[in-house]
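Questions regarding the structure given below will be posed in turn.
Chain lettering (A, B, C, D and E) follows the sequence in which the chains are written, and residue indices restart at 1 in each chain.
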Amino acid sequence: MLVVRLIEYDEFTFTDIIIKKFDTILQDNKSKVVWIDVLGLFRTDIIEEIGAKLGIHPLILEDVVNTSYQPKITFYENMIFLVLKFLSYDESVKEIKSEHISFVLSKNFLVTFQEIEDDTFHYVYERIVRENSRIRKRTVDYLFYALINLVIENYAKVLYQIGSEIEELESKVLTTNDKENLKHILKLKNDIVFLRKTLRPLREILFQLGDVESDFFQEANKIYLRDLRDHGNQVLILLDELNESVTVIYEVYMSVINNKMNEVMKILTIVATIFIPLTFIVGLYGMNFKYMPELELHWAYPAVLIIMASIGLSMVLYFKRKNWF
Amino acid sequence: MLVVRLIEYDEFTFTDIIIKKFDTILQDNKSKVVWIDVLGLFRTDIIEEIGAKLGIHPLILEDVVNTSYQPKITFYENMIFLVLKFLSYDESVKEIKSEHISFVLSKNFLVTFQEIEDDTFHYVYERIVRENSRIRKRTVDYLFYALINLVIENYAKVLYQIGSEIEELESKVLTTNDKENLKHILKLKNDIVFLRKTLRPLREILFQLGDVESDFFQEANKIYLRDLRDHGNQVLILLDELNESVTVIYEVYMSVINNKMNEVMKILTIVATIFIPLTFIVGLYGMNFKYMPELELHWAYPAVLIIMASIGLSMVLYFKRKNWF
Amino acid sequence: MLVVRLIEYDEFTFTDIIIKKFDTILQDNKSKVVWIDVLGLFRTDIIEEIGAKLGIHPLILEDVVNTSYQPKITFYENMIFLVLKFLSYDESVKEIKSEHISFVLSKNFLVTFQEIEDDTFHYVYERIVRENSRIRKRTVDYLFYALINLVIENYAKVLYQIGSEIEELESKVLTTNDKENLKHILKLKNDIVFLRKTLRPLREILFQLGDVESDFFQEANKIYLRDLRDHGNQVLILLDELNESVTVIYEVYMSVINNKMNEVMKILTIVATIFIPLTFIVGLYGMNFKYMPELELHWAYPAVLIIMASIGLSMVLYFKRKNWF
Amino acid sequence: MLVVRLIEYDEFTFTDIIIKKFDTILQDNKSKVVWIDVLGLFRTDIIEEIGAKLGIHPLILEDVVNTSYQPKITFYENMIFLVLKFLSYDESVKEIKSEHISFVLSKNFLVTFQEIEDDTFHYVYERIVRENSRIRKRTVDYLFYALINLVIENYAKVLYQIGSEIEELESKVLTTNDKENLKHILKLKNDIVFLRKTLRPLREILFQLGDVESDFFQEANKIYLRDLRDHGNQVLILLDELNESVTVIYEVYMSVINNKMNEVMKILTIVATIFIPLTFIVGLYGMNFKYMPELELHWAYPAVLIIMASIGLSMVLYFKRKNWF
Amino acid sequence: MLVVRLIEYDEFTFTDIIIKKFDTILQDNKSKVVWIDVLGLFRTDIIEEIGAKLGIHPLILEDVVNTSYQPKITFYENMIFLVLKFLSYDESVKEIKSEHISFVLSKNFLVTFQEIEDDTFHYVYERIVRENSRIRKRTVDYLFYALINLVIENYAKVLYQIGSEIEELESKVLTTNDKENLKHILKLKNDIVFLRKTLRPLREILFQLGDVESDFFQEANKIYLRDLRDHGNQVLILLDELNESVTVIYEVYMSVINNKMNEVMKILTIVATIFIPLTFIVGLYGMNFKYMPELELHWAYPAVLIIMASIGLSMVLYFKRKNWF
């Protein structure tokens, strides 16, 4: 079920209602911060109705519901439209989950569209509920900042979790020859490809946001936009590092496989090289020729034994000198 | 056969005729949208004739008919010339098909040149036919936008199809050792090389289009140009992701081959290392020396069997301890 | 022998003479296009003499005769100096040939210096000879454009030929294990390295040429400079594609070698793993111990044969189940 | 324990006290350089108190104590905030150590926050103590420069140490086949990844610092900012070189492993190829058929010996001709 | 020993003296070109004395004597400071030698600092000595140009020598399997890493030099700065090409090793696959069972021989059909 919540607050008052009819969605209450939080995207008709009421361009609404869309920002004359992905990391299955989130910021209100009904913005919501929190004293653009900041902080969290997964794998790759390692590397590489696709637009988005010359943002709040940009850069630096680390692990994995193969071949070669010639010798004296004078000699058998022992020994010494074992 | 269609429409009227003589091609009917759709490129003489009538520079016409040309945009004083490739993906043979498409936008008309007679723009055409569609209420620049948008949406479609092909292959590469896998990777790599060649100019083209300071575009329609740019970026991000994914698959493929080889060598080494020394021992007592005292002993045969069994067993334990099987 | 041709033409007249004395090289005939075409570079003294007569800076002349120089463009107050390489592809030996070509464009004349006496500009020359060709009606800057265009079209031709060489090799690499393949890949890689060195400066050169704010070019001809820039970009996109294709081929080549090795090792392992244990068994009953009770048994020989057959068979089944053959 | 030192100096006086109460932290003593050096970051309350007293924005203080933060610079109206990492290299364990360091430069004072209580800035401190050192005659912005310079010089030192570690490893990789080599390469790769993450923001930071159009810096001291930028570039060039060197080592390592494998396989192949056919021959004459006429011949045994010797010899010659040993 | 030479010249006069006392180093002789050439850097005190006399900033002098410093340029109000590396290639040991060289250009004089006493600038010096050379007629900025040009020409020379070394190696890698090849590739890779570190700053340096808006350079000489920039670009294009060539060689080397291994494995597999089954057969009839009816048959021995021959032959045909030899 699609839920539309209307949250209104200022320093002293706070209301949070679930609305069904959208006629009264904006009561031109300029003194309060108005946040319309839409949870669920599957009822396109309702979203179109809300959009029409709030004067949101149909092109925006198309991008709101199209969850295959990548992060982007577009500036309109009286609105800022921002698409982000909310990422979380499910430790139990080691999987990154992505939720499509859109923001429409106008001078009077902020609308957020969340793909899933779980309230992703819970943490900011709680700060609003608390009576004398900073957020209650500020305008709607600060709310906008706080929500984006929450999203970016979750990126950092996900990256740190992937990072510790990588570190764990790194020591495994060197010690065990588990076939799972390759699958794990593949999974991490795909994670990184996904994260790069999702986070790469961030730099541009935050740069544009920090640069905007409009009156959407109070002068005193512009410092927070710069802060967002810094946070975004930190996330991207971290991502670059993860990417390089996975590449290193892959190379190490390949080297370890090659080393193992080398090892295997050495064992085979040592054993075969020692015993194949000796087997030839014993085969030689197993021949049934009538006239083989050696066979009659008393000391022949011990002599052959000694010769073979010295051949074997010299082989062993040869491999030892070659540092093969 | 080359076909020239002349489509004229406004909010209330719509005509679509196939024209043979080009004298009357433009009747200076400024109130209607005029779209001249040329299907087929092989009759250079006719194209030159049309070009002359419409005042299109010969250099443009050269690029219209040269299908080896890559996408590009050129701005002339009174015209915009755009070359794109229309891509489609034939699921049955898993092949990307490319069609050379050119647009000439002037203030009064739009000319499109299609390489193949099949009407690629079918979907937009149907929207024009419908009486109260948005497109009927707009000017020629909106038609231009709608057609380009169609082309870009097809890019996205092709990329998604290639994407699912890649995902399919990814699971195959890990489980089966089919020789087809290499051919498939090669095919995908070539697809990506082709797509990069074809789509890379897109960013520049759409950037220039969105930036143009001219009166080709109605102010109200400029929002659509920005939308095109966003769509183009999405396509290019997707393409980057596909490229990275194919690289990952290739690396996995190489690792799997290496792992297989390792496996094979291990089996060979285990078998050879256990039996070659034992074969030496049995060969030893197969020698025909007259004086081999052991041969006469009653308990010699069982003793040798026991010795060999313990050698074999200790080898097996050694390999087990090394985690070889 | 160094040849200096003086070609003068306008819409109605055309003269082409070989000059020996350079006093009269410029007769200040402003109404005609003057093209001085120098074939051969080895007579530095003559080139210096011509340069002095035409007022060309000694630094330019140094670059004209230094054939190891890479393409570049330099703008002087009253001259444009352009160095390009004319490329051609000798199908018979599959080799790229490069000729050092310099252009000096002043407002009144164009001087071209060609490394080889063969007239590379033959095709443009023929157009000039034809009486009512477009080139005859235009000024010297159009001649300049036409010659550069010729050079760039030859780049495209060479790239297409290399491209078809690559495609040919691609199918070969997958099917035959010819040792020639590696040499061919190496040769193509070197070709690409050479082409990148030679063509990379093109983007910058054509960009600068199209951007020049001077009166060297007639306003009506500037459209041709933009056309050059487009052509240059096309060539560079093509080159990128070739480069990527060769990389793909190399990777495929490496995979094929690895696959082959895998194959070889499998055959060895199958044969050795089946027969080495069996050889041990037959060796066992070849021992000459006096007391080996089995040897006396009537059914021992067929029993051993059956045991060995079942060992061999189970091995074969094992490898079959592993999909080894 | 968190320590707060207040250092004040001018050309003639110098005081250094540890302060406990922060009321009197700034006595508006404009003629002296004021440096507040905070050692240790774990008492967030104290840091907040200091920040409040000095008018430092809470967003800055968050970044001061968050040691996972990467280097960055932010310009405020009346302050410059800079985060750097102080690197040192522990020779004994061959490990890079990183300390989180923040600078807040205002027009009247400089505050530094160090993660560890060890005084990292010892070397600059000593220069201040010396009575007629250059630093004593200069303003607070020169102190700021001197401290950053110290940090960057330590980067160079660490890079040189990593560089000599790499050179050492390079010769090892070619000569010994120590398994430690791979671990060492992995460790160096991780070092480089870490260094790139830490130092990459440097270029941007120093560029912005050198470009700042403010009155934080005395005109005469701006030359030092440019000097910092040069030093920073040197460090980054060095880092690029190290990165390339490690890549080269890794490739050499892989080649060496491949070469070793080749060697091993050659030995196995030579021995097996010579003796397996010979063993077949001796096995042949070990058969117990009743009717094997050769067995009765007087010269058969020496003949077989000669045949086998010549087979073995020709094999040896074959491998010699192939340059296998 | 550190030597300081004072060279003064104009079109008609020339003096070259070695000076010991630096009081009279500048006699404000504006009509002549003054070049102070300092050979050797180890006497920091003398260099500081010279610097003080000429008004050179201490920061510059630090960089002059610090030979680990990379190339850079810094513009001061009344001076240009340039650091370059003079490269030469010692053919006998195939080694690149690098010398640290600094230039300080003021409006009245040029100071050069050379790391080694050998006069690197010999070639320019000789041109100055010659009475009616161009350099004698020009100002100090032309001398500056001439010296830098000499340095860059030497870069080109070194790169050509490395280039021919690479070409030589390329043919070796394909034909011989010399272990030296890997060492040689490693050496070349390190050379390239070193050259990239040293030459990469060149582009920026020459760009800034050509762009400078100062009165250091006579208008008529600015053409030479542009010429330097062109030369620098040529050198960097060449370096890129060398880098790509070495990468190609490395890949070919790896392919050759892999091919060799394949070859080796094939020989082993052919021999083992043919003879191991045959050895089993002969072992079979070497068993000592009492009841083996075949042994008694007259035609058994030749029958077994024929069977074995046909097994061997069919194996050989199998491998032939697989194109293994």
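By our rule, contacts are C-beta pairs under 8 Å (C-beta built on N, C-alpha and C of every residue); 3 or more make two chains touch, one makes a residue touch a chain.
What you see is a predicted model; the values in this text were computed from it and never measured.
*Asks:* Using the contact definition stated above, find the chains touching both chain B and chain C.
*Replies:* Both chain B and chain C are touched by no common chain, going by the contact rule given at the top.
*Asks:* Fitting the CA atoms of chain A to chain E, what rotation angle results, rounded to the nearest 5 degrees?
*Replies:* An angle of 145 degrees brings one copy onto the other.
*Asks:* Cα centroid separation between chain C and chain E, in whole Å?
*Replies:* 25
*Asks:* Approximately how many whole Å separate the CA-defined centres of chain C and chain D?
*Replies:* Roughly 40 Å, centre to centre.
*Asks:* Hey, what residues on chain D touch two or more of the other chains?
*Replies:* Residues 254, 258, 261, 265, 268, 272, 276, 279, 283, 286-288, 292.
*Asks:* Touch graph across the chains, line, ring, star, complete or other?
*Replies:* Graph shape, chains as nodes and touching pairs as edges: a ring.
*Asks:* A student should be able to answer this: under the defined touch rule, what is the ring order from chain A, with chain B coming next?
*Replies:* In ring order, starting at chain A and going to chain B first, we get A, B, C, E, D.
*Asks:* Write out the stretch or stretches of chain E touching chain D in their complex.
*Replies:* 57, 59, 63, 69-70, 72, 74, 76, 177, 179, 182-183, 186, 189-190, 193-194, 196-197, 200-201, 250, 253-254, 257-258, 260-261, 264-265, 267-268, 271-272, 275-276, 278-279, 282-283, 285-288, 292, 294-298, 300-301, 304
*Asks:* Residue numbers of chain E touching chain C in their complex, please.
*Replies:* Where chain E meets chain C, its residues are 170, 174, 223-224, 226-227, 230, 233-234, 237-238, 240-241, 244-245, 248, 251-252, 254-256, 258-259, 261-262, 265-266, 268-269, 272-273, 276-277, 279-280, 283-284, 286-292, 323.
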